[in-house]
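To keep things simple, chains are lettered A, B, C and D as they appear, and every chain counts its residues starting from 1.
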C-alpha cells in the first residue's frame, strides 16, 4: 500500500494506536516494534502530573469496557525527560494527546510541545468523560470547540487534530466548528459516557460513578458518526471505536476515515495490530480500488 | 512477556469448584514463582482477558487452578480439550525463591505452585471445607467447618502458630480484603517481612491501561506491573 | 412483591414489555400470558398506516442489533378495530406508543386514544432515530419537547409518558423540559443512532443507512442516563436498554427506575420475562429493602 | 411454537462445510414440511438466534443441516455433544405434502427433508462439487464442476428436464437471488404453481420485529411469519 498523506503528515499505513491504550509507545515492545504502525497517540498528557481517579477504575460490559482512569499521567516535564528520548528512536508518526482544564493551560501545553521535535502532531482531547472539569465541557459546545481550536492553532507549530466527543446531539456541528477554526484533522470517537451498578454493593461499580465506554459495543455508533462527519467536513478523519478486525477497520474507511485507530483491542490482543495491518493490505488489494478510493466509498456507491 | 495461542490439553476438577487446566502454548518464556498470565477465549466475542496465576510450568505447558467465579471462569472450567485460548504472559513481578512461610486461602494457592513440596518452606492452606482443598502437601490446613485440620479461619490458624514462625520470608496472596484482615492481625515484625500478592480487576494485565491500581505509600501502583507482589508495609489497604 | 404505583397507574410488577418488541400484545401468546407482566407498550402507532423502510431493516452488532423498521404499523383505525378487542381481555397496564410527524397529528392521535378505554396511558415517541421527519427532531430539543408534551397533556385524558432520546448532549435538560410540561413519567432510553457498513457491498448494511442500536451493548449508557435523570426530575422513570437478566433490571432500579422495560431480549428469548420476574422478586426479597427503597438506592448509599 | 432448551446429541460432518446436527429438545411440537427453528447459543453472550430448516424430526429430536457461513454457524459446527442450545420452533408456514417437484441448491435441501425418498416426488439437487452434496437419494444431481451428475447450474439442469415436469407442485428454496434467477428462467405456467421458501436476515423469527420483510404484490410481508413460503408469482424480487 502507498503511504497516506493526511494533516500534512505521511503515514506508512492507516493504523494508529489510540491514546491511553498504548502508553508512551513503550507498552507494545514485547509484542512488536512501534515502527510497524502508521502512527501512535501517546497517553493524554497535562501540564502537571495527574494522580487519576480512585479505583475501581475499569469494568467490563457487554462487548465493551468502561474506564474512568481520570487521565492519570506523568505530566509534560517527565514526558520530555523520561519518554521522549525513546520516542526519538522511532519512525512512525508520533502524536501527543493534550489535556487541560482551561484554555490557557491548553495553550501552554501546546507551546511546550512545540519544543519537542519528534512529536509530529497534537491531538486535543476535548472529549474525556472521566474528569470533573475541562475535558468534555469543551467538546460538547461548538463555540468552545471553535474558540479552543483557534487558540491552539495560533500557537502550535504542529498539525492540530481535534478529538471529538460522541456525547453530543449533533457531532457534525462540533466537527464543523473545529474545521472552521483551522483543525488539520478530526479524531473520532472518544468514549461514550456510561456506568454500571454493582447490585451487590448497591453502588456505582466505578469510584468515579461514570466512565467512558469503549470497545466493539460502540463501533456502530462510531461508524455512524464518522459517516456523518465525512459529509460535513473536508479535513481528514481518524476513525475508531471498537475496532478489532480488518472488517471493522474497513467499515471506518468506507464510512470516510482516512486513518483508523485501535484502542481497547490493544488490551485484549496486544500483538494484533501488525497482523491486522497485513490482512488489511491484502483485503484492499482484493478490491478493485486504491486505498484512497475506498475512503468514504460507502457514500458514493449506489444502492442496487 | 508474549501473546500466544494456548490449547487446552487437560481440564479436570481439582477440588470444589476449582479445575486444574493444562494449556499447551505455542511458545512461552519461563515464569517465576507468583507470576500470572492473562487468559481469554478468542472465539466467543469481546471480553477482557482474565488473570490467573501460573501454578506450574514445564516448558510451553502451563497449569492453572481455575475456580468458578463468574462469566469467564464458568466457561473455562467447561471447555473441552482442544479449545483454543489466548494467553499473555508471564506477567507481574515474582517471589524470591528463598525459603518462605506461605499463607494461601482458596484458589490463591495457585500463586505458590513452586513452593509446594519444598522442605525448606512452610505452607498454611485453608478453605471453607475439605472438598475445596486441592490435593497437595501443606504443613497446616484449616477449614471453616473443621472437616480437615484446624477448624476456622486460616489467619487464626496462622496466629496459633505465630511463635513457630522464624525469620523466613512470609508470603500471602488473595483479594485485598483478605490481606487487610491478615495485616490487622499480625505484629509489625511479621508485617515487615511479609510480601503480599494482590488481586485486582484488570483491563490489560501488562501495565498499560492503568485500570488495576491500588493505593500505596508511594501513590497509586499498578497491581499487574508494579505488583502483583508488594511488601505488605507499602500497602494502604 | 407489592404492586407499584407510578404515573397514577398500578403495576403488578415492575416489568414492562417495550414498544416495537411486543407487537400488539399478541406476539407472546405462545410463550406466556401478557397478564403476567406489569405492563406492555404497544408497537408505535400513527394516524395513518405506515409501510416502514425498505429491507434490509435489521443487522446484528456486537452485543446488540440495529433496527430501521421505520415505524411500520397498521394505523390507529385498524388498531382500534383489529387489536383493541383482544387487548380488552387483558389485565396488565396497557400503554399506547404514539408517533406522529407534526404536533397537530400528535394531538389528533392522543384524542383518538382518549376514546379507547382499555388503554391506560400513552407513551410519546419523540425519539425514534429511524424516520426521516418528526421523531427525533422533537426529542433532541428541550423547547420542542416541552411544547409537544404540554399540548398532548392538554388533550390527553390518560397519563402521558415521554420517551426520551439518548442521542443528546444533555438528557437531563430534555427530561426536565418534559417534567416541566406536565409529563407523568419518563421512559428511557430509546435506541441510539448507529450504522454498519457491509464491506463486501461497500454500502451501508441497512437500506435506511442509519438505524437504532439496542441490546446489551447500550445498557451501560442507558444506566448512566437513568442515573442522571433520576437526580434531575421527580417523576417516575421507566428504565431500559439492553436488559436481559435480573441483575440488569436491578441496575436500572438502583439507578432510579421505578419500572423497567425489556425490548430486544423479547426476540432472543421470548419466554423469558415471566422467568425474570420470578427471579427478580426473589432477589428483592433477599435484600433488606422493600422494592420502593431499592429505587435509586445507588444514589443514597455511601462509599465505604 | 415454543421456546425450549435443546442439547446436541450428535454433530457430524455431512458434506463440504455442512454438519448434520441432532438436537434433543425438552419438548417440541411436530413440525410440518419446510418449517424452521431459531437457534441460539445461550452461554456465549448476546446474539440474535439464527434460522435453520428442520430437516428431520422424530418427537423431540430435531435434525438440522448446518452449513458454515459466518459467526454462529462456525461455532455451531464445532460444538460438542452435550452443548445446550436455545430452540424456538417450529416456525413459518409449510409445504403441502402433496407430491412435488423440488429444486434445492446447497443447504436449502434442508427445507425438504420430508420429501426425500418419497416415490411420488422428484428432487433436483445441486452444489458446487460432489463433496458438497449430502448423501441422499435425489432424482437429478448437478455440480458446477461436473463431479456428480449434470455439470453446471442447478437451474440449467432443471430447464433441460422442463418437458418432463408434470402438473405437480413445484417447490424451491434458497436466498432471494437464487429464486430470482429461477423465476427469470422459467415460463409462467411453471411460475404459477411454484412455491418458494425464502431466506432473510431475521431478528426474531416469529413475526414481531418486522425485520425480515420482503416486497410482494401485497406490500411488505414477513418472511418468518407470512412465509417463509410464498407463491412465486406473489414475490417482487
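Keep in mind that, in the parts below, contacts are C-beta pairs under 8 Å (C-beta built on N, C-alpha and C of every residue); 3 or more make two chains touch, one makes a residue touch a chain.
Just so it is clear, the structure is predicted and the values come from calculations on it, not from any experiment.
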### Task
Give the label of the chain whose average Cα location is farthest from that of subunit B.
D
### Chain centre separation (subunit C, subunit D; CA means) in Å
36
## Note on the structure
When centres are defined as mean Cα positions, the distance from subunit B to subunit D in whole Å is 51
### Task
Averaged over CA atoms, how far is the centre of subunit A from the centre of subunit D? Could you give it in whole Å?
46
#### Entry: subunit C residues counted as touching two or more neighbouring chains
62-64, 215-217
### Query
Residues of subunit B touching 2+ other chains?
45-47
### Query
With chains as vertices joined when they touch, what's the shape: line, ring, star, complete or other?
complete
### Message
Which residues of subunit B touch subunit D once you look at their complex with the stated criterion?
### Response
43-45, 47, 74-75, 80
#### Entry: Contact footprint of subunit D on subunit A as seen in their complex
62-63
### Query
Given the complex with subunit C, which residues does subunit A contribute to the contact?
61-64, 66, 140, 167-170, 192-197, 199, 201-204, 207, 209-210, 213, 215-221, 223-224, 227, 242, 247, 250-251, 254-255, 287, 294, 297-298, 301, 303
### subunit D residues touching subunit C - in the complex, by the definition given at the top
1-3, 40, 42, 45-49, 86, 88, 200-201, 203-215, 219-220
### Task
Give every residue of subunit C touching subunit D within the complex, in rising order.
20-23, 27, 30-31, 51-52, 54-60, 63-65, 67, 69, 72, 215-217, 244, 266-271
